[in-house]
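Next come two complexes, and both contain chain A; in the first it sits with chain B, in the second with chain C.
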Partner chain A sequence: MAGRLRRLLPGLTPMSAGTLTIATRKTKLHRLFAYRFAMLAGPGALFILVALLLPLLSIVVFSFWRTQSYELFADWNLDNYRVMLSEAAYRVFFLRSLGMALAVTLACLVIAWPIAYFIAKHGGRYRLLLVLLLAAPFFTGVILRIAALQGLFGPIGIINMTLTELGIPPIQALMYTPLAAIIGLVYLYLPFMITAVYLSVINFNFELLEVAKINGARPWRAFIEITWPLNWIGTAIGLVVVFIPCLASAVTQRFLGGTQSASFGMSLAQQFGETGTWALGSAMGVALFFSSLVAILLIGRSINLKRSGFTGAINR
Partner chain B sequence: MSIAHTRRIALPARRVGTTRRALLKGAAIAGAGLAFRPMAPFVSNAEAATPTLRLLMWQPYAINETIAEFESKFGAKFAPTFFDGNSEAFNKMKVGGTKDFDIVQGDGFWPRLYFRQGLTQAVDYGKIPSMANVFPDFLPPKFPLLADESGEHKVAAPNCWGDYGITVNASQVAPEDIGSIALLLNDKYKGKISTNSRFEENIALMGILAASNLGTISAERPDGKPFNPYNLTDAELEETKKLLIQQKKLLLTRYQDYDALDRLMRGGAVWAAPEFTETYRHLTVLKQDGKLDFDIQHVLKPKEGGLGWVDTWMISSGADSERVELAHHWMDSFLKKDNYVRVVRSTGYGGTVDLRDLLTANEIELYFQNRSSEASQLHMFDQPSSPEKWERIWSDVEAS
Partner chain C sequence: MTATSTIAGPRRRLMASALVMGLVLAAVYVFLYAPIFYVIYTSFSADIVWPFPPRFSAQSYSDLFASSLYGTALANSVTLALGSAVISTVLAAAGAIGILRYRSRWRGLAMFLFLAPLFVAELLIGISTLAFNARVLGLPGNLFSAMAANAVPGTSFAFLIILAQLVRYDWNMDDAAMVFGAGPFRSFIEITLPTIWPSLLGAFLISFILAFNDLEISFYNLGAIPTLPSVAWGSLRFGLGPELFALATLVNGAVCLVFVVMYLLMRYRIVSFGYRGR
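Right, the complex of A and B next:
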């Protein structure tokens, strides 16, 4: 140990054994680790500080200001929060977004689990390839993907045009409706959920299921009592990475959702764009941030590290 | 025949109010200008050899052949800087831009605002012989926005114009229903109507109908000025909101760009939509080429009134006498008929210059060369009197 320490700390003077010596060595070791940690984590932390916290802080500040005719005035007040909470329109936007985010997250969960499970268990040497294939839509931009969906669902899209050619009425529910927006969001965020669940299931010990089977458990019971809880962290991460962006989403609703899908995100984007009502938009941004935080905390509280098999002991 | 649809998405986006991004851009330009100021003597020497005309302008008007001809004829260098929206250009000029630019473009109420704030100087129509080619409908006093409030100074020279009228599939919509904004509220066409997604045009256009319904459009206004759909009273705004909510149930969707509207109208999914004439012109060309099997019409000025814009050229107050001369030469060259034909065909916009002797019959119809009197009666694009009130109205409509 002392030799290793000397190699790590060439300037360390050998001292006689005793409490003082150990304390000094510990202090110097801590300093070394602190220095290394600062060197490694510093740039990332600085980036987060500049790119995330400062804009967030400015949004919080703006939310207490006032905008008039496209100009921001530093008149500190709570009006934006009052308007946001008292005007029914913003509540409608929020509830619409919340409902849509919940529906999309649930749909992604139901669709993603069998796919991720199948790839992890039966994918064999093609597992990585299959997972990468799921990322194929990301080779194009989000607007292009939504445009492709428009070409599929729209009144003159492939589905409805084919139906019309066959003499069958077009599917109204797919044309600029909240359902179309939900399908679009599921299409956009499903790969995130699959990846999160897959990364969890890939580390799952399938022999446990064999043991359960030997002990008389039916497949569904083994899933409920073993597979699901032991992969809950991956699922929870999937829920977060799908739910949070869906709650704030605007583009999909705008292009696919029609007139009944105006979301909180769309309204928020408008405050910072066309209407120039940045102060109200900032208050909406703060509300969205805290809603997301609450969602993360709620999901986080459901995680039992020991039951999930992630005790963190490997790092101690 | 073809039209270059170069600004299919950018067109509506460019007519926006002041944005923070524009302010930041202006500040950045000012900062860069200060940073490079020490290099000014060297730059000046280079500039002295060839006079440079520095323009703050919309990109579609930077036509290569036009620029080449101008540079060759006047031995000058053409140095354009492009912008997206009026407010962006205005902010650039405010942040020291009068020294950086000799010409700036703007539309609607902006030329008067520039002049009032001392950012531009008077344009001498006497130095622009090509002004003789401009339709009288686009000249003061008939078109007052090109002169200051007193009418004493000309604040800009006109360029292209456009409208936010209603494009109609005339094979599907009954003739008696065409011609009024009320078409956009007609239950007969439920699910076959679309509007764009911008709140300003939606509220302003429906505001005209609201004021018309209320009978306040021709009544004396609280501000003593003529009716302006961008300055609606609270009662008119309330009525506008009701109409927009009523209209929402009839809409298939709010289109996000002109390609989308093109597709919807071509496919027969939409029969009527207010738009900036781009789709109308595109579909008309297709019709003329035999690629469209229905009739297409464009209501430029509905009977209640309509919205429009006229682009202009202005001269910066910071331009010295040599550059002022050059700026007048540019306007004159640009408005010459031979060049302007190129401008209209290249941009696909309506022209303020009378080109009827140079265009084909189809083109005369396409570019509304016979409809300048209607255009001059349109309500020009403006800034909402209270963006905050308008935002609230739009939110209520969208949440309904």
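Right, the complex of A and C next:
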């Protein structure tokens, strides 16, 4: 940046020299660039602020209010949180959603890693095509893919109908059980995880493994000490982008999971739909938001940018 | 003899592990595509419950096209997705250029804002926008607020895609154009745009497809306006309709078509989509 300024206007004071930053006078060009930055990045930032952060703030406010016959009243109290914490049903829903999200995230991690690694290493010129083929189902939309899964697993789905035709009892475990919901969620979110890990492995320098081998490391040891930590940032992003929608998911459990997998998201959606208890729903939304925030912070803390091979390309 | 075996051993192990991983990859392809192919197959079949032996019919398609609800829903979905994708792409492109090109102390904050929606569940975006629009702004559900709400995660995805290409872009080219007297707008049109348009197109397509398929955000912000996902949701609730299978087939077909076009563009080297060859 400084170099470019210097090249453009040879007389300009450099903005930084080495690691030492020299405070410069506010030049005309400086102000012009600040203005352009604001004009370009400002609208998008403002849009997110208005369309994402203000609504989230508003449900934080509503969570301290009261709903009566579909109307919100602004008398501040902690009742919604008390109900949410004391009613066993909400606790069960929350723990179930949490457990399911953890199971799905782990399953996605275990399946995605070998696949992303294999494509990045052996995919050759077809790498992009192979990854796009894995990501393609993601563009069909959740509802239609759940319909497709029901066509496969459901009571009148192909698997169970085949078994019935052959005179074998259908697999109960696939019909409206938490297991079916977990398989459904893995089906829905696996493409996210594979893409995240793939994007990380594709930029990984495989020659480092040769160095490890020359220095006597076995393949497994080289993986643990080099491949895994250097690609941890991509993996962590994958964990977050799978865990968060799974924790909030409602539709999958509703159509694949049956009564045994009623989730926190389902119950939350119900507060805003059928029962109209928006204040309680807001409190549940806040709880959901904070649990995903905790997950992001926990995973984010484990990232060491320098160890991940981050060279600060963004701050050129 | 011993020399060859020590060389052949690791190589054989390597080939074996490549074979195993290849099989895992194949299994995942089957897992991901079996339901979709089953749906496509069943949509052409006369009997949806047990479509064997196959008896083909286009009944589900004629049902689909006869229903006016699906037509309205398609039109709404397309309008919603187009509006949302335009907002996302424009905001994300401007944001990515601003953040990469002009140093500012607000850069970190802007980056954080652009990426924040990725870490908020869609259900939360949906309900919080509903609560905000209905109680703070006093707006009933409408197409425009659904467009804006869908553009929130769309902007993040578009931003990531455009950023990925822009980090490799050489801004010196623009500086050169400006030294020769082009204004910032002219240098963008003549220098930047011809280089980065594939990523803009990719960002537009992804945000379009996301908004087109979205249920959780649109459901809370559209009021009673039907879209394809919400109609599909309704029909899934009352048992699988054959026309739902036909709809899934058509949507899959459209997605496939986009990928075929992308492949052809790559094949004939019109666009490289980031592949530089290795």
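Note that the second predicted complex is superposed on the first by the 281 of 316 C-alpha atoms of A that agree within 3 Å, B and C clash if a C-alpha of one lies under 4 Å from a C-alpha of the other, contacts with A are read in each partner's own complex, and residues count from 1 in each chain.
Here is the rule we use: a contact is a pair of C-beta atoms (placed from the backbone, for glycine too) under 8 Å apart; a residue touches a chain by one contact, two chains touch by 3 or more.
These numbers were taken from a predicted model, which means no experiment stands behind them.
Of the two partners chain B and chain C, it is C that touches the larger number of chain A residues.
By the touch criterion stated above, A:Ala88 is placed in contact with chain B alone, chain C being left untouched. Of the two partner chains placed around the shared chain by superposition, chain B is the only one that A:Tyr176 touches, whereas chain C remains out of contact.
Touch criterion met: A:Phe255 reaches chain B and chain C at once. Look at A:Ile48: by the touch rule set out above, it reaches chain C but stays clear of chain B. Using the contact criterion defined above for the overlaid structures, shared-chain residue A:Trp278 touches chain B and also reaches chain C.
Shared-chain residue A:Pro229: touches no atom of chain B or chain C.
Of the two partner chains placed by the overlay, only chain C lies in contact with A:Ala34; chain B stays clear of it.
With the contact threshold set out at the top, residues 72, 150, 154, 156, 161, 255, 272, 278 of chain A are in contact with chain B in one structure and with chain C in the other. Residue ranges of chain A in contact with chain C, taken from their complex: 1, 4, 7-8, 33-34, 36-45, 47-49, 51-56, 58-59, 62, 72, 111, 114-115, 117-119, 122, 125, 128-130, 132-134, 136-137, 139-152, 154, 156, 158, 161, 165, 187, 190-191, 240-241, 244-245, 247-251, 255, 265, 268-269, 272, 278, 281-282, 285, 288-289, 292, 296, 313-314.
For chain A in complex with chain B, the touching residues are 67-72, 87-90, 92-93, 150, 154-156, 161, 175-176, 254-255, 258-259, 262, 266-267, 270-278, 280. If you check the complex, the residues on chain C that touch chain A are 18, 21-22, 24-25, 28-29, 31-36, 38-39, 42, 49-50, 87, 91-92, 94-95, 97-104, 106-107, 109-111, 113-114, 116-125, 127-133, 135-136, 148-149, 151-152, 155, 159, 167, 171-172, 175, 178-179, 184, 209, 212-216, 220, 228-229, 232-233, 236, 240, 244-245, 247-248, 251-252, 255-256, 258-259, 262-263, 266, 273-275, 277.
If you check the complex, the residues on chain B that touch chain A are 16-20, 87, 197-200, 248, 251-254, 256, 260, 263-264, 266-269, 383, 386-388, 390-392, 394-396, 398-399.
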